[in-house]
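Letters A, B, C and D mark the chains in the order given here, with residues in each chain numbered from 1 onward.
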Amino acid sequence: TIGQNVGANDRIHAQYYVYKGKAALSACPVLPRFTKLNNGALKVDRPGAMMLTFSPAVAERKYDWARKQLFALSVTEVGSLITLGTKDSCEFFHDPSIRTSAAGQVRKSLSVKPLMDCSGYFISLNVVNNALQTNERLTVPITSAEFAVMCTTFRFALPILMGWDRYNNSQPLLLNVGVTTAKLD
Amino acid sequence: TIGQNVGANDRIHAQYYVYKGKAALSACPVLPRFTKLNNGALKVDRPGAMMLTFSPAVAERKYDWARKQLFALSVTEVGSLITLGTKDSCEFFHDPSIRTSAAGQVRKSLSVKPLMDCSGYFISLNVVNNALQTNERLTVPITSAEFAVMCTTFRFALPILMGWDRYNNSQPLLLNVGVTTAKLD
Amino acid sequence: TIGQNVGANDRIHAQYYVYKGKAALSACPVLPRFTKLNNGALKVDRPGAMMLTFSPAVAERKYDWARKQLFALSVTEVGSLITLGTKDSCEFFHDPSIRTSAAGQVRKSLSVKPLMDCSGYFISLNVVNNALQTNERLTVPITSAEFAVMCTTFRFALPILMGWDRYNNSQPLLLNVGVTTAKLD
Amino acid sequence: TIGQNVGANDRIHAQYYVYKGKAALSACPVLPRFTKLNNGALKVDRPGAMMLTFSPAVAERKYDWARKQLFALSVTEVGSLITLGTKDSCEFFHDPSIRTSAAGQVRKSLSVKPLMDCSGYFISLNVVNNALQTNERLTVPITSAEFAVMCTTFRFALPILMGWDRYNNSQPLLLNVGVTTAKLD
């Protein structure tokens, strides 16, 4: 899994869970990674993501989390989800090994498609692993209420994924006598 | 009432009150409950809820809070409310004793129905108690302005109910030299 | 002016200003007032408000702030504003001396009416003072961009006016062994 | 660049980047500047802005940040952007030397125009420098997903640009016995 350096990302475990007949879906923010500059400033080194986790059902209300599949929505993919109209669909493609020699071995695609009566969406994760010769598809139907929870909390999380929550209540920039401040434009 | 362990949940008393002719309605967030893991991380043990409290009027501008009835909206039920169109209605059913031997003795239902002219909603709580042989219904008409306050503040509260506010301004995850961080997908 | 006990409310001066030909309008949140209970908990004693201040123009880009008129939008009145459609209007009436012997002497009304082409609103404050035999009307035309700033920041401010921002990142409620926690419903 | 007094504004480096064929666009909040009053209160001296930075492409996925051009959206211009309908366009004009002797030498205009199929916008910055006799235009096509990220995070940032985030969780205003507090209206 991700964010494993010094365990800093593991301090909070807070997921939104949706349990359905054939699979469960959970979502949680993955925090951005920063570098500390020489002057002490924090710079976003890698933006965060919204991690979706799918687990197949093995019995009624039992899910096999060991067989979970992950899909990390980028900031812009989150933007795509939160503007989805009730009749719209979208699809994202990821290659976990992109720009390495293993590129193309595993292909993941996440699709979001409206239910027939537009009362929600099917969210499906398809993972094709050429090395293991496996092809898994996990689908979770989402009600509009569950989608509203996702959109609302994903909107809340977007600034966090981008590191913008750190501008909030940061040390106030004070006007100092004798110091010229550059103009905005 | 709820959240009574060590009184931690009782530090803030902040409700949104709506006083009407036959009953008063108030709303406030109930914080999630966490467990502390061995590594010091916080894990959501039970998500929070949006507590609705109904009290019957006993005189003009007087309400009998001793006869109050509670209904704790789950995160997904809040999601249902905040996407309600002006002509939509919804209804939720709770059994306070679900999965105990007393299951079915008390049945609560909350219904939200549009006013005739779509200028707001009737919010009704019906509590049927088979043990006490009582059947109470408390109804509060809500204007669209009051509903807008609820939706706006319920959207604000959703990440808090889920524990996601703790990701906000949490300790920054720093890139450390010599530490490999796993990839996102 | 308001919130003058121990000056606590005066620590932040941050207003949104709109300067127009005949008057200027500014808006800023007024924080709620709390009481401290014996157990140390904070309880909202009086909800906050969104203070609107109107000042008449006395010359080009000059406004007479000494002749300012105030109107404190309640939480529910803010709810009314933030759901206003582009063709909708609303009006609020306040009596600063309500429930005192001076009731009725001063009547304030704030009206929000769409511009002819629905590209914004006229916001007018009318103050009739029977004691001073004065009748003042201050009107500020607001563009849809300015109204969007107001709605967005008023939505941000609503939980603060209600004291709900204090639930945010409050001390986590921990599950303790051997302590029974009451159920939610 | 801006906010250079005591480097206080440089503690956080968190931008939203959009890389396209002919140019890259990035956005980040510029914090407001405060003055400290004699009583210790903080007063917004200059509101913040949303800084847009455009850089021309010099090769595939390479951008010349040395030739970047800046445009600082005011709070109200941000309000204009976040209410833009899918078929709407808007344009803003800035003169970096306004109210100085160099006024009119440099003219900047930012235009936002819908793509033909309304699936996003062209964002163009045009900078005409009469002194250098240059005329540069940098255009970045933006998808609706990217625009949604901008709108969501710009909405989040608006209260920060106005200094309103400092009302959040500020020291609670307590009701004190024997202290009269003025009324709201």
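As a convention for this text, a contact is a pair of C-beta atoms (placed from the backbone, for glycine too) under 8 Å apart; a residue touches a chain by one contact, two chains touch by 3 or more.
Only a predicted model underlies this, so the values are computations on that prediction, with no experimental measurement involved.
Where chain A touches chain D, the two copies mostly use different residue numbers: shared numbers make up under half of all numbers in play. Centre-to-centre separation between chain A and chain B, using Cα means, comes to 26 Å.
Remark: chain A and chain C have CA centroids separated by 37 Å (rounded to whole angstrom). Listed for chain C are residues 32, 42, 166, 168-169, each touching two or more other chains. Judged by the touch criterion defined above, the protein chains form a single closed ring in which each chain touches exactly two others. Here, these are the chain pairs in contact: A-B, A-D, B-C, C-D. Within the complex formed with chain B, the chain A residues making contact are 1-16, 28-36, 42, 45-46, 49, 51, 70-72, 94-96, 108, 143-149, 152-153, 156-157, 160, 165-166, 168-169. Looking at the complex, you find that chain A touches chain D at residues 32, 37, 39-44, 75-80, 82-83, 155, 158-159, 162-164, 166-176, 179-185.
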